[in-house]
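Following this line, the structures themselves.
Paired with chain B in one complex and with chain C in the other, chain A is shared by the two complexes that follow.
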Partner chain A sequence: MSTGRPLLEVENLKKHFPMTRGMMKEEIGRVRAVDGIDFTVHQGETFGLVGESGCGKSTAARTILRLEDPTAGSVYFDGDDITEYDKAALKRYRRNAQMIFQDPDSSFDPRMSVGESLEEPLIVHGMGDRSLRRHLVKDLLERVGLQAEDINRYPHEFSGGQKQRIGLARALILNPSMLVADEPVSALDVSVQAEILNLLDEFQDAFGLSIILISHNLGVVRHICDRVGVMYMGELVEVGRTEELFTDPKHPYTRSLISAIPSTDLDDRSQRVRLSGSVPDPADPPRGCRFHTRCPEVIPPDHYDLEQETWRSLMDFKQRVEERHLTIEQLYVMLYPDEDEEEMDVPESLPQEEVTSVLSGEYGLESGIGDRKAAEVFEATSGHLAAGDLETAIELLESEYRTVCQQETPPVTDEGPDHRSACHLRSEGAAPLSGESESVATD
Partner chain B sequence: MTEQPLLSIRDLKTHFHTDDGVVKAVDGVSFDVHRGETVCIVGESGSGKSVTSESITQLIPMPPGEIVEGSVYYDGNDITAMTEDGVRSLRGSQIGHVFQNPQGALNPVYTVGYQIREAILSHRDVSKAEARELAVELLEEVGIPEAPTRVDDYPHEFSGGMKQRVVIAIALACDPEMLIADEPTTALDVTIEAQILDLFRHLQQELDMSIIFITHDLGVVAEIADRVVVMYAGKVMETGSVEKIFENPAHPYTKALLECLPGQAGLEPIPGALPSVTDPPNGCRFHDRCPYAIDMCRTGEQPPLHDLPGDHAVSCIHYEDGDGDLPELEDVDRMDAAIGGAR
Partner chain C sequence: MSTDTDSKHADVTFEDIDWEEYDGAREFTPLMLAKILVLGGITLAWVLDWQFGSHRDPLFTVDPAGILEIAPNPGNVEWLFTLTIAVLFFYVVVPLYLNPRMTRHYWREFKKNKAAVVSLVFLGFIFLLAVFGPFIFGRPEIDITNAYQPPVFAGGTWAHPFGTMQSGEDVFQIVIIGARVSMMVGLIGCLMIIVLASAVGTTAAYFGGMVDEVLMRFVDIMLTFPTFFLILYVVFLYGGDLFTIILILGLTTWTATSRLVRSEALQRNEEQYIDAAKNVGAGERWIITRHLVPNVSNTIITAATLVIPSLILYEAVLAFLGFGDPNVWSWGRAISVGRSDLQNAWWIATMPGVFLFLTVLAFNFLGDALRDALDPRHE
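Then we have the complex of A and B:
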């Protein structure tokens, strides 16, 4: 491994997709698929990008290869900024940076023989000598564990694992220095996955390849990556060396992801962190830390004495109120679920006590909130909701149920060599916000 | 367990008649499912695990599919001998199904409440209002927050994990005794998968249901199974309690599967590929990928399931005496020579 400049440097890379409406394509919002990520990949290194579907890992990879044009940021490859490249320079770049895809079935033209498919990149990049091309293709087919005679066969004659080997051969035919592998084994059976992963490892050693591996399967990532970046909603929440990240994860999201992997260790059954809810809308990401809406370790204000779980429930409640979801009509349906919708006659206000009890049930707070003040705020909010006064309820929660996780974007914390995370729990002096502690405005 | 199993599959053979010949997708499969237990059928694609589960309630397209042999006893009655109406009333009311892709299982133009009510009304004699009430209860049961207000939402208003919960609610609509779930978490992210597995565990404890859970993921098996059926190329290779399978795997295939899971030291791929389904090899279906194969493995039929101590059985000749173990790898060739010499 070289000690000098990394082969690939990604700086504050952003890719937003505009959402438009109407004939004039008026922009009404943007999906922030990748929203400011930084990482480096050294020569001969395997860097893994992991995250749930929709976190932006594939978009990040496509943007690094300039299959998508970035909205902002730079990508330096061997010292050059590829976002500035013109067409000719881009063609040279793509020779050096290749990609393999998830689905080996759809990444080949069924009417082209393996030889034709593999020779095509060589022709594009100007190798005119057919016999030399054939020779190179045959040689590579053998190196990926197939036979030279397979050059005349067609994709449908191969199994999924074999097709993925051919995919690898096609990516390597131009002798690239970097390979981007987007979920290269997730379409394959476990017994075949291992073959492809071992093959990747082998080629990396033989050619000094740098690999960016994108996967939702943390087992795969742990197996072959040197370093890993964990993405959530377009941002990198933690980057570190693989073993360190898996054995000592710093970010609560990383911890939850690792904990969610079904383990073959029978003793591990049901001892795990559970994430509530699903990924929020990327067009309207949460304020502050984007993970705070699901984080099992979201920071409570220091003037409350609460169980972590209770605080999580209160934050869920706050979020639903903020989304203007708990309107009087909604509460009415929750109170009287058996009523026929057409005959519903929603009154101006609802009995406060019943609303409080239905909401406590919905948010798992039946056994009490624990902290007297926090409980008062909950009751007061229910009161406002029962009176149909959503705005006052929102204001009250905003001033009383405060968390630094929602107020501020977490800074990046250095966790030691080659390890960083973005979490308020890790940043120094991240004292929980002391909310205004005047008495609660109760009616 | 001495009580009669709820489901008992005996020597089931489901074949498909295609232009390329007869595909023996399931070729002599037997196992039991007791009341209140979760049985996982695990195998790679093409092992016949899905066809096995679909044969139980005859969801396979017939033709080209055909159950050529064997029986499926449900609560003592042979489903394969029932009329189509009989099977239909069993499906849904006694046995619920959950499929892999919740997107495809829900109709986008009806509210989820409507789709749950439809399932209730087709099997139970209740009024529309009662059905609506039941639908809300079911959504609460499967963990949909604010169920009373979500019941009138359309499928597209739910996330993938929530859609799968709705599909499970529909499967539960008629209080089935058995749930057949075919890769219900494969299309979901790990964090959501964990939630859905929790739900299955919870449902089973609350409702004392039997669950047949089909998956290719051994991690999922370790999470939720009581007993495991390992399938390969249409045959059962090994069956046993989850502890036996993971702590004491007997069949070379099971061992190989456990060794090729990424994320642990020494990733060992299984050499070769699945055998042809139209023209399966003689002897053990796994023999040409098996490091322990001796000449006897290559001839005759798939070995019968030999009982091992405890709740455990394996289809491998190395265990013929009911105990024994796999030979040392270096002894494998010598065994052939010894047998050859004795002839």
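Then we have the complex of A and C:
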């Protein structure tokens, strides 16, 4: 980790994929795969990007390498904005920034021998001397732990680990200064993973490579990264030095990821943070903090005196209603689960008492809500639902169960040197909202 | 192969390379040079012939051994046939020779189908007959005194092993010329289909979006094109010469194959090696020609091989109906001519008919076996 200007600076990078419909390619929405991320990578540093599948980390990597054109934002490599590169400059950039692919089986052309695959970068960049090319390839094959004779063999003749070594060789042969490794070991056996990671480490030391490592495996990330960025739904929720981030995570999402690392310690298992719900649709991300729909630490309003878990359950209930799931038919099925769906005869309204109790059971609220005001709202809502009045129920929940997490985008908070997070819990003005907010109107 | 040049670069490793000095350089291998010389030479000769050869005078004569004339102008279709054979040599025979392991693998798969092996031998024989036959056995000529000679196994003589026609032309020579015509139609048409279908199919799949839309809608329009009526129209206006008929057949039958190629290329396009190639800086043309086309070649070769018999039959039908080239003895024309004499001279229509039948059958067997050998998904 040297000081001075970073090798790579990513500023407010966005990549949206438009969803189109029909002949006229009318845009009906866009998937916000990467939605404004900032980070830097220094010379010789390993930066980890973690997050669950579909959070946009691979898209971020592909955009940084200009395999995709960014929707907005800038990527500075050695001071130049690569998003403005023309064809020739881009080709030069490709020599400096290389990629290791996730799937060793599909990242090699099955019709090319290893030699041809490895010579390809050299030919593309104008090295016409075949004997020199083959010499370089053989030399590099030996340095990644294979044999020079392997140059004439075909990809299917190698094991996954060997192919990933060849993948590393292909990424190195142009002598780049930055490597992007997209899940480089997730397709491999655990025993082979360590070999590949050590090899990567060796080459990093030898050539001062900067590495961006993309992984959902936090163990791997903790092992080899200097700094880590945690992504959730296209945004970076926390960035910091690895040790700091792992020992003192500031964002609830980071905490839940870290607690999900498999552990042999039985005590540790009980503390695992479970996330409710599934990842929201990236085409329609939740407003406010994108994690609020699953966050175990979602902030309750000031005037409620509630257990955190109860508030989480109430928020789950609210989301369910807002998604228009608890219709009278669905409630009827919940009340009378044994009845045949074919012969169902759903009445205009359902008994309110029973609906309230079945909903309490569904959301784990049998032991009481704790706060009198919150409980009244819950009962009133289930009353509206029992009467089949979904709209009033939504309105009531919207005005009563408010959380700053849903109302406002969390600001980025500095957590000390080189450590920042984006969470309302960490920001100064974390005071819960009361009264009207503009984001209600935008919905 | 592995130690030949190591001493020259003994201490060079990849981190010593100064890439600035290589920017934009290109490589020429002897094979590429040979391709350019041969294919360019044939094309050049064709253009020269087309420009200056129309008067059919000998370009020069050499005297010592009698008069040896070199008088070109074999006609467009002969040039195109020569070019096709050269292309087949460079893009089929040479790669098979250079990759003996791949060749052995495909041969092992291919020879499981015994009918196909017999077909291959038969087609090889027909091909040699078509290419060299006319120069060895001569071309059929009218000889009224020799009309209706029966074939040798029905009481005829070895002078005319397959008998003669009503104007005395030798049926054996007609079969050989017909083989040449059929091979021309099949191979030239097949090559045109391969080139057009793979170019359009892979380009559409690789670029997607507007390019895909425009190319595929064009293919849709071409698919509805009435080839038969186009040929009738051209024959009516300009007279049906074989070159024109082959061109029309080739230009109108590639569309179905290009759809197959596109759908296959769409799948290949999602593979990571395409990204890997982009990521090392390869351009669009490089990726399409070096990665997409080779990886969809199974589909292309199989589809194109199975098109050959239908092209040959198409030409035979046209000739039979009298829309073929009147200067060329194709099998279809011979069958048509012999039709009225089936009662007294059955061999006139039967001999070319048997060859047409066997050739089409052999190409079908060959196509099926190639599909099994090259395209494991169909098993």
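Quick note on the criterion: the second predicted complex is superposed on the first by the 428 of 443 C-alpha atoms of A that agree within 3 Å, B and C clash if a C-alpha of one lies under 4 Å from a C-alpha of the other, contacts with A are read in each partner's own complex, and residues count from 1 in each chain.
The rule we apply is simple: a residue touches a chain if its C-beta (ideal position, glycine included) is under 8 Å from a C-beta of that chain, and two chains touch if they have at least 3 such contacts.
Everything numeric here is computed off the predicted structure, so don't read it as measured data.
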{"item": "Joint occupancy of chain A by chain B and chain C, clash or fit", "value": "fit"}
{"item": "Touched partner set for A:314, first chain B, second chain C, both or neither", "value": "neither"}
{"item": "Chain B versus chain C as contact partner of A:159, first or second or both or neither", "value": "first"}
{"item": "Touching partner for A:34 - first (chain B), second (chain C), both, neither", "value": "neither"}
{"item": "First, second, both or neither for A:170, with chain B first and chain C second", "value": "second"}
{"item": "Degrees between the directions from chain A toward chain B and toward chain C, using C-alpha centres, nearest 10", "value": "80"}
{"item": "Partner chain in contact with A:274 - chain B first, chain C second, else both or neither", "value": "first"}
{"item": "Chain B versus chain C as contact partner of A:236, first or second or both or neither", "value": "neither"}
{"item": "First (chain B), second (chain C), both or neither touched by A:61", "value": "neither"}
{"item": "Overlay on shared chain A, then closest C-alpha pair between chain B and chain C (Å)", "value": "14"}
{"item": "Contacting residues of chain A [partner chain C, same complex]", "value": "62, 65, 67, 90-91, 94-95, 98-99, 101-103, 106-111, 117, 120-121, 123-132, 134-136, 138-140, 148-149, 151-152, 170, 172-175, 207"}
{"item": "Footprint of chain A on chain C - complex, ascending", "value": "1-2, 4-6, 8-9, 12-15, 17, 19, 22-29, 271-273, 275-283, 286, 290-291, 294-295"}
{"item": "Chain B contact footprint on chain A (complex, rising order)", "value": "52-53, 159, 161, 185, 189-195, 197-198, 216-220, 222-224, 256-257, 259-266, 268-270, 272, 274-275, 278-279, 325, 330, 333-334, 337-338, 340-341, 362"}
{"item": "Chain B residues within the chain A interface of the complex", "value": "44-45, 129, 132-133, 136, 145-149, 152, 159-162, 189-195, 197-198, 201, 216-223, 242-243, 246-247, 256-258, 260-264, 267-270, 273-274"}
